[in-house]
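Pasting the structures here.
Heads up, the next two complexes both have subunit A, just with different partners, subunit B and then subunit C.
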Partner chain A sequence: MSVKTEIDPFRPAKIYFYSSLFWLGAGLTYGLILSLKFIWPNFLAYGPLQIILQYGRIRPIHTNIVLFGWLTMANVGALFYIIPKLCRNRLSFPRLAYGSAFIWNAVVFAGTVVLTLGYTTTTEYAEWPLWIDIIVVLMFGAIAFICFATIANRNEKQLYVSLWYFMGSLIWLIGLYIIGNLPYKMLSGVPQFLIFWFYGHNVIGLWFTTVGVGILYYLLPLLTKNPLYSHKLSLIGFWTIATFYVWNGPHHLQNGPIPLWLMKAGVIPSVMLIIPVWSVLANVFGTLKGKWHAVPHNVPLMFVVVGSIFYLITCLQGPFHSLQGPSSVIKFSDWVPGHAHLPLFGAFSFIAFAMMYYAIPKIIDHDIHSKKLMGAHFWFSVVGMFLFAFSTWTAGVLEGLAWIEGAQYGMQFVEMLVGMRPLFIIRAIAGALMLVGQMIFVVNLAVTIGKARNAQKGQENSA
Partner chain B sequence: MSDSADERSMLPYIIGATVLFFLGVFGTTYLPFFDDQMQAPNENAEIRNYSLDSAEYRGREVYIREGCHTCHTMYVRPVLADSSLGPISQPSDYYYEAPAMLGSKRTGADLMWVGNRWNEDWHREHLLNPQKMLPGSIMPRYDYLSDEDLENLVAYLMSLKPSPQSEGRPVD
Partner chain C sequence: MSDEHHKDKDSIDPSEKLKEQKESGEPIQSTDHGPGGIRMGNAKIPPFLMITYVVLALWAFGYAFTAVPLNQVSEASADGEAIFQQSCLGCHNVTNEPSVGPGLEGVSERYDNEELQEILVNGIGEMPSLPALGLNTEQIKAVKEYILEL
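Presenting the complex of A and B:
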């Protein structure tokens, strides 16, 4: 029995990973329901479901679950795995880390219930009410504390690139979450709306992006078995994203009721963001040199490569939208959700998938059950993402042009919508493909975990 | 060699990340409060500064609860795509608006000045069954709202009119 005293040091990472899988399924299911409501507005509008699944109520549920249930939990799992690896030590405060996962699940669940009941702050991606926000900030504080303590107690002198990104992300996340969730009756008007978009933009750019890039820098050398192409480039990338990203909120009010100086202050840094994304891409392609032949045989690597290409496309689109001209056509249209899914699903969820495919076998000491299913997960996700992007971008441009021709309200607006129906159908198909892909992912991992448990039991019995 | 010495300390990253972050916070979230245009309400803002016991105020709460803002903007820009929506929005129009619901997605039409477009009866019928008023609409039916909520919501929508002061304002 003495063997059992050693607890698994990766238990916290594991529980965050496993929980995130549940939210991935739930979040994408909500997304699929939303996309079907674009085709049949009365879809599932029976009895109490009419209210519980009413579009206006579940749209924030979809975004909050995928952002904070799925991707944030996957990211924290990755932090709890990678940081001790890079520091060559153990995670500090493992009990706190493990316990926090339960609280975090309860938070996402409570947020979902509260939004279903119609309590919302209207701030995009921060719709949860204040009492939940307070718990969230405490949780982020605890997670940051655990991570910083682990880094401070490291046995490895060098701070690898990924750690810079993680440290930055944890600081930024707490800062921006507090600013974005100030009690909403305390402020008002356009300045308040600017704060909303300061938050909405930066939670993507200074949490999901920067943790994702940190994970990417961790995985790249391991998956390719090449040393990282250039540390200098990654250093440039880190400091440019830290400098410019935070200035981007105002571009969400392009052509809007804000002073000209602020519109400019939003555009220039948006364009500068090409630098950090270029530094990441150059590092990906540089590190892959000589190893391209291995990519098609390695699903995690495929996710990383395609994910970084989606990241590049996102970051080329961003500055383009922030300009007055393009913004005047596509702003408010379906282009916008197309753009939003690109970094969050296409780039950083892909990197999280790669992370789990890499880390979970190491944690549970068992190979992934099926390579075929991994491949299926990849292709469903990629094709789903492509169709989603194609349908929303096309719909977005057509909607923008229809508005310019005067279809701005009433019957003309509806005629425009009817014309979009085929594209809405493609979007729903894309959503279904994405969801099927994730189900394959979850089943594959579940079987793997089950097999690992059985193998372990077998060992214990024979011992 | 100084390069690798830097890489050994956490401090430059912690301090650098924090300072750069707060510079951006200052520029994009704090300074705007002090811009002249944001300083004073206009007549439109006064119209929308509902007293807490008014039907319009309660209607607005219904609007928030049902998530109408996820499909509707209130944000008219000086661009062709908004040319028939009414006067261009100005910061002072939103002076009292909390939470500010300018919106980000126009799945349905912009509602900044929707009070000018239709009458009470139309709104009531439309909310109960949008497809009946405008076949092909993909707006959800709000036939589950209580009569009181529905009336308040209609009152709120009808209040979204420009003041005579904004008459001269350019519309495109």
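Presenting the complex of A and C:
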């Protein structure tokens, strides 16, 4: 009990994890409403809801909440947990870290209110207005400062590969966010959209991906109790993603009004990303060697393995649709949200789930309440993800081909849209499954936390 | 799995942690040789990855020198009659009989080329502009030529 009488060193991680759970539920609820509007465009369209739940408003609300409320907070919680572990010390500036969680929650809340009121910068994933952006950058700065200070004060000579990823991500994120939020005011036309896409793609690739892979490298050896397969491979993966990822923006304007050399400069690095992805995956499967039999009995490991496979699928798609031909079919179609959910929900949210299932019991010193519910959370999420992916991909290809045939406008467009309805219904069912899965997740963790509190109180009373 | 939680408790002092791990019988190697209880292997890069790296590098050079832009605007899409049937027929007849909008027979007598261009590009009254209907410059030209002959 001697450790417990001091303040809990993992309090900042805890508050970030718990807050992220709230945003997970909120973000997915918005997502479900969106998917229902695809089936019934007038869904919930009465009274003031007609305005505040307009498609154009809640779409960015959904993306911003799941990206910055859920996944970013879960990632920061993971950073605040893993970094001290890997450095064998305590988190520096714990009070700042703890306080930052409250400000961060306020930021996401304010952003949601602003978008609900109809203000937007139209930059994808950066729809929040400038005054919020400034707070966001300051917060990212504070988080990076805390993490770097902790790493600088480490008691462990070796910098494990996860720390490389974390340090890279923290630097990149700040740069990206600043650059991405400026062109709204400073540029126009094609250059503006080039920067929008520079930001939009890189915030996924140099923040969510790289932190996720860092967490993956941390969890995998611990969950399998195997050594990490190859240190060298992990470094190849890190340096190649650091080199190639930032070039990804222009492939979103493929076949658009940009010069050919710029298209090529976007496509080639996109395809080169196969190098880091396959290197990471080779490391994952190498580390799993001999431990596959353990996977079905260990839900966090199941999330990690399936998350890695989703990551692989995403990154087989990505290079492929950066090419001109495939891009001309799937661009602007429903394929794209299917592709976007794969890394963000399928891969990195899964890794974040595994992270919480792993870390929270250690932080609060209590096993997860129900393994059955953990299993249910896994299956709802996986089946939801699969249905979502296949309905959107099918719809996307059909739409893309129909548009090339001339159904881009007029009655033909409407007919095509009506024909997509069965796929939209499957997509909404997928969304419902995902949401139910996350409810199970949150309830399971809440019960666990409640039990841990009671146990602690009991101990204090008896002592 | 359940005992796993207790092996790697949150003790902060590294020496205390080491002691704990010794007691629990976990390989001591993990704290001696790896951060945070993680051991690192040194496997060589698998041959199939080496091959992948080389193939990708070769492809990159090939693509950089040989790729050409894709011409997306197919000839068929600038067919004035087809465009009219798709985008205009809902509101206009090719005769002089009005529907939502006026019938377009003889429209060339009512407007000169410039006025017509103005109507098509900017819309008029309830009539949406053609760019708003999703038509590009070439398509607008084609449909204009088509209605001038009605």
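Operating definition for what follows: the second predicted complex is superposed on the first by the 457 of 463 C-alpha atoms of A that agree within 3 Å, B and C clash if a C-alpha of one lies under 4 Å from a C-alpha of the other, contacts with A are read in each partner's own complex, and residues count from 1 in each chain.
Rule of thumb we're sticking to: a residue touches a chain if its C-beta (ideal position, glycine included) is under 8 Å from a C-beta of that chain, and two chains touch if they have at least 3 such contacts.
Here the structure is a predicted model, which means the values were calculated and not measured.
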Once both complexes are superposed via subunit A, do subunit B and subunit C end up clashing or fitting?
clash
Would you sort A:D367 into first (subunit B), second (subunit C), both or neither based on which partner it touches?
second
With both complexes overlaid on chain A, does A:L222 touch subunit B (first), subunit C (second), both or neither?
second
More residues of subunit A are touched by which chain, subunit B or subunit C?
B
Can A:I178 be said to touch subunit B (first), subunit C (second), both, or neither?
neither
So, does A:I82 touch the first partner subunit B, the second partner subunit C, both, or neither?
second
Which partner does A:S328 reach: the first (subunit B), the second (subunit C), both, or neither?
both
Thinking of the overlay built on chain A, is A:L262 touched by subunit B (first), by subunit C (second), by both, or by neither?
first
A:P41 in the overlay: touching subunit B, subunit C, both, or neither? Say first, second, both or neither.
first
Go through the superposed model and pick first if A:I275 touches only subunit B, second if only subunit C, both, or neither.
second
Once the structures are superposed on A, label A:L233 by its partner contacts, choosing first (subunit B), second (subunit C), both or neither.
second
Which subunit A residues contact subunit B in one complex and subunit C in the other?
158-159, 255, 328, 404, 406, 408-411, 413
Provide the residue numbers of subunit A that touch subunit B in the complex, in ascending order.
37-39, 41-42, 45, 50-51, 54-57, 59-60, 118-124, 148, 151-152, 157-159, 164, 167-168, 171-172, 175-176, 179, 184-196, 198, 206, 239, 242-243, 245-250, 252-253, 255-259, 262, 265-266, 328-329, 331-333, 336-337, 399-400, 403-404, 406, 408-411, 413-415, 417-418
Where on subunit A does subunit C make contact in their complex?
3, 9-10, 82, 85-90, 155-156, 158-160, 218, 221-222, 227-233, 236, 255, 260, 263-264, 267-268, 271-272, 274-275, 278-279, 282, 286-287, 297-298, 324-325, 328, 361-363, 365, 367, 404, 406, 408-413
Complex contact set, residues of subunit C against subunit A
1-2, 5, 8-12, 14, 17, 34-46, 49, 52-53, 56, 59-60, 63-64, 67-70, 72, 74, 76-77, 82, 86-87, 90, 133-135
Residues of subunit B that touch subunit A when the two form their complex:
4, 7-10, 13-14, 16-18, 20-25, 27-29, 32-33, 35, 37-38, 64-71, 73, 75, 77-85, 89-91, 93-110, 114, 117, 130-131, 134-141, 144
